[in-house]
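Below is one structure, written out as structure tokens, with a few remarks after it.
Think of it as A, B, C and D in the order they're written, each chain with its own count starting at 1.
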Amino acid sequence: MPVVVTVVEVMDETPTVKTLRFDRKFTILPGQFCMVWVPGIDEVPMGFSSPDMITVQRVGEATQALISLSIGSKIGIRGPLGNGFSPQGRVLAIAGGVGVAPLYPLAVNGSVDTFILGARTEAELIFADSLMDLTDLKIATDDGTAGHHGFVTGVLDEQIDLLSYDTICVCGPEMMMKGILNRLSDAGIADRGQFSLHRYMKCGVGVCGSCAMDPDGLCVCRDGPVFTGDQIINSEFGSYARDASGQRKRV
Amino acid sequence: MPVVVTVVEVMDETPTVKTLRFDRKFTILPGQFCMVWVPGIDEVPMGFSSPDMITVQRVGEATQALISLSIGSKIGIRGPLGNGFSPQGRVLAIAGGVGVAPLYPLAVNGSVDTFILGARTEAELIFADSLMDLTDLKIATDDGTAGHHGFVTGVLDEQIDLLSYDTICVCGPEMMMKGILNRLSDAGIADRGQFSLHRYMKCGVGVCGSCAMDPDGLCVCRDGPVFTGDQIINSEFGSYARDASGQRKRV
Amino acid sequence: MITLQKELVHVGGVTLDNHLILAAGVLGTTGASLFRMLRQGAGGVVTKSIGPNPKEGHAGPCLVPLERGLLNAMGLPNPSKNFLQELEPLAGKPVVVSIFGGKPDEFRTVASWFEGVAAGYELNLSCPHAEGYGAAIGSDPAMVRACTEEVAAFGMPTWVKLTPNVTDIGTIGRAAEEGGATALVAINTVRAMRIAIDLRRPVLGNRFGGLSGAMIFPIALRCVYDLYEACSIPIIGCGGVSSAADVIEMMMAGASAVQIGSAVYDDSSVFGSIADVLYSTDGVSASGIVGCAHE
Amino acid sequence: MITLQKELVHVGGVTLDNHLILAAGVLGTTGASLFRMLRQGAGGVVTKSIGPNPKEGHAGPCLVPLERGLLNAMGLPNPSKNFLQELEPLAGKPVVVSIFGGKPDEFRTVASWFEGVAAGYELNLSCPHAEGYGAAIGSDPAMVRACTEEVAAFGMPTWVKLTPNVTDIGTIGRAAEEGGATALVAINTVRAMRIAIDLRRPVLGNRFGGLSGAMIFPIALRCVYDLYEACSIPIIGCGGVSSAADVIEMMMAGASAVQIGSAVYDDSSVFGSIADVLYSTDGVSASGIVGCAHE
């Protein structure tokens, strides 16, 4: 049964992203997620941005309802679920937009050496201040309002010696992640990449098959959400995904 | 689910009593019992006469079937059930007939100082040889063919200093046990008596109520089968019991 | 967790000391064991089902503990009219007499013995493993109505206990309500069986039996929820209740009180254990939560 | 424990690599996940139920793990005809396509898409939480017969999957048999629900759902046993199977093969785990034990 928690703090991150803190700390590994039950609406997957926090971007009905919650509201949490990151050696983290959420606890626990944080514009950078203290932070904005003018891959190409990192943890839009995987693959180190994937999830526990990926049938909810680059390089990743009914659509 | 065991040895004890040894040892406390499933017939309670043995007297259909089993036959065992004896200090054990079964493991583990064993006639004494080695054995037979001529209570009255025992463990026909309880009570030591009772049992686990005793509603299967004398002195014990349908009948 | 006010409970004409009732057939063969459950904190008790003639029940095994549940086929053993003497020490206590029969007039006959003795009747129209009794008639709405009418005619509280082994429990509940039931009890055990593979035969003497205990709780809850929508008399939730949280959950589904049976297997003083957690001085009145999950 | 000979299995017209089949709706939405289960040791797989139109399914939560079971109300999400492309990599494999519809001709329409593609059909006349589908029609013998006839007309193996939520599963099984079913699958999930008491509302988005997993095994076993007495076509046992011993027990009750769904929750390579214990070179032929508990 989901654990019912009460929202005790709501933090504005960007105009469309809020962080909710609840009255209960879960025992998580960075990169693990939960199924968040918004009563009367839906249950959707969210990474833990800390043991008692989720960081939500508004994209539709459930996320709209979540960022509209006020202190004292109750939601249900099933989790922690999935495998989480397994950082080793020198760690580079790369986040795009709200993809920073599951990477943040990795930085908080001191595992990240270098962090590349991307967003469309300066106002949409999430957790930048504390990441600055915790890591060697490099910023990229699409519009150039802060840091590198362009995508996180630009930072990668211009400022980073990829081979000097043992683990590269990534979360963000799938095309961004695909771009990074291509670079790792070109450098012959796809296996050093750890990508936190998104697929349509219903059960969250490896039963329903909604989040299964071609061609191996790996379930993002249970075998992932974090996969190494070599696990997904010859997969549907970067080309298509399935919607709630199981129909394929381009990513 | 019952554990299915295979009979590996059948020992004749008396013309109507046999001991069955099976291929599995249970972890028992002396005085605990099991529900023995005789496939196609019934499931009946039986004391463990050792961790892998029951000693069965023929009285009706199920017991007739049990003593007719041959090596290799399979029966089901649910148990061990109930509380068992809790001997302390100097221990006197008193058995009538097949009532020796649950007391035998107590003697085997060295807990019994003096053992009074009764039967109708010499040929019906059970475990007498090994009890002789294990304890200070005193025998009583109704017909005088061995030991004291008369009941076990006769031995008690003539040869035993009751007050010198800290625990008196008893199992046998209810009227025999009642006679002993009266003596303990007269001596003011009803609480030193531990009586292994019989009542009609169906579930064996304190649910169905078939074995409940008046007036406290104690279940022989779960609160017993061993009760101290003071627990049962003001009870139905020695006066009536209930049959399979729950109707009262004199004992 | 939310807690309840300790209060006298009135359900379908019976007044109980609290919301926790001993379910039929569990420690209910003797007056003494029923009394023991009241002493240990039950707010009321239901007796073993009593029938028109004494019955010894099925051959054993008649009960097998499973993980989180019990499987039983007792076969309705009961002392019939002789059960009256068991109730003598219980005069004035909240004791509901469970009745079974094969025809409406058998229900009437048995009920007549306990007129003025019992605090109320509970009709067992739901035992899944007694040929010609229980669920055999409890899945036929016309029979349910007829049996209920016979017993309700005594003018005493008349609870009707339903089986989950029907296509639509709401239809059966409505039949009982039309027959004059003052409350519905849901559910009796769920039809089930197990086989002892080493013996290649069903483990119960009767082959089939009924499942009870924690494993049927989600099934019972659904039945209570359905009945709350289909009927308008009070519902007593039964099936797998083993904690104070379960009691609250049953109430939110629509139960005004609950019955507890199999949970005595894990904890013979389960009534006291649950009451300790369920009740507190700042608890809410049960009426505030009964059926609230339907809103 | 008794073990089985590893052998090709022929059930209701479908040839399987062993007796263990992936149940419908569990890891069955994509060809890749079905293939994965075959690789891990399933002798055959049943797809997610496919309907006449794409469906997104119910709002979440749609699955809640419980102790020894799962509660789900997925709401039959499926890509409908687009599912054909999922099956391309599985040509020639023992893949049975599960079909649902609201009327007999919808079953026919969906079946027609998979003619020649599937190793057989399984009719979902049993999902307990999809308004107008599944159990809603699967509890009416005439509808069961009519839907079965439409699909059986293709001349391909036609399994019919039954709901336990009926008064008499034997009647439904016979209706399917009369309609031309080549095998019966029993059971689908058991009607159930849970309430989140802190939120005072049912935990499933759909409020009701179906119970599966170990907690329903004794219920499923009983249904298989009943069907074995009532019908003469092969039965595939489903519901709570999670060990080799469970497989043997289902077979003794009358199942020629078993389906396994929820057990992947505790062990995602459950097919291999069970096969390792179930099969041995000195095992017996399944035919020697199927239904032996009826003797």
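Simple rule for what comes next: a contact is a pair of C-beta atoms (placed from the backbone, for glycine too) under 8 Å apart; a residue touches a chain by one contact, two chains touch by 3 or more.
This structure is a prediction, so every number in the text was calculated from the model and none was measured.
Starting at chain B, how many touch steps does it take at minimum to reach chain D?
So the least number of steps between the two chains is 2.
Averaged over CA atoms, how far is the centre of chain A from the centre of chain B? Could you give it in whole Å?
Chain centroid spacing, chain A to chain B, equals 68 Å.
With chain centres defined as C-alpha means, what is the inter-centre distance between chain C and chain D in Å?
Roughly 33 Å, centre to centre.
If you average the CA atoms of chain B and of chain C, how far apart do the two points sit, in angstrom?
36
Counting in whole Å, what is the centre-to-centre distance of chain A and chain C, each centre being its mean C-alpha position?
That pair's centroid distance is 51 Å.
Where does chain A touch two or more other chains at once, residue-wise?
Not one residue in chain A touches at least two other chains.
Multi-chain contacts only, two chains or more: what residues does chain C have there?
Only 66, 194, 198, 201 qualify.
Quick one: label the inter-chain contact graph as line, ring, star, complete or other.
Graph shape, chains as nodes and touching pairs as edges: a line.
Who touches whom among the chains?
Here the touching pairs of chains are A-D, B-C, C-D.
Any idea which chain D residues touch chain A in the complex?
Touch residues, chain D against chain A: 25-37, 48, 54-57, 59-66, 70, 72, 74, 77-80, 82-83, 85-86, 89, 194, 196, 198-199, 201, 203, 205, 261-262, 264-265, 268.
With touch defined as at the start, can you tell me which chain C residues reach chain D in the complex?
Its residues touching chain D are 1-2, 66-69, 71, 139, 165-167, 190-195, 197-198, 200-202, 207-208, 211, 214-215, 218-219, 221-222, 225, 245, 248-249, 252-253, 289, 292-293, 295.
Hey, which residues of chain A end up touching chain D in the complex?
Going by the criterion above, the answer is residues 1-2, 4, 35, 37, 39-44, 74, 76, 78, 202-210, 212-219, 222, 242-248.
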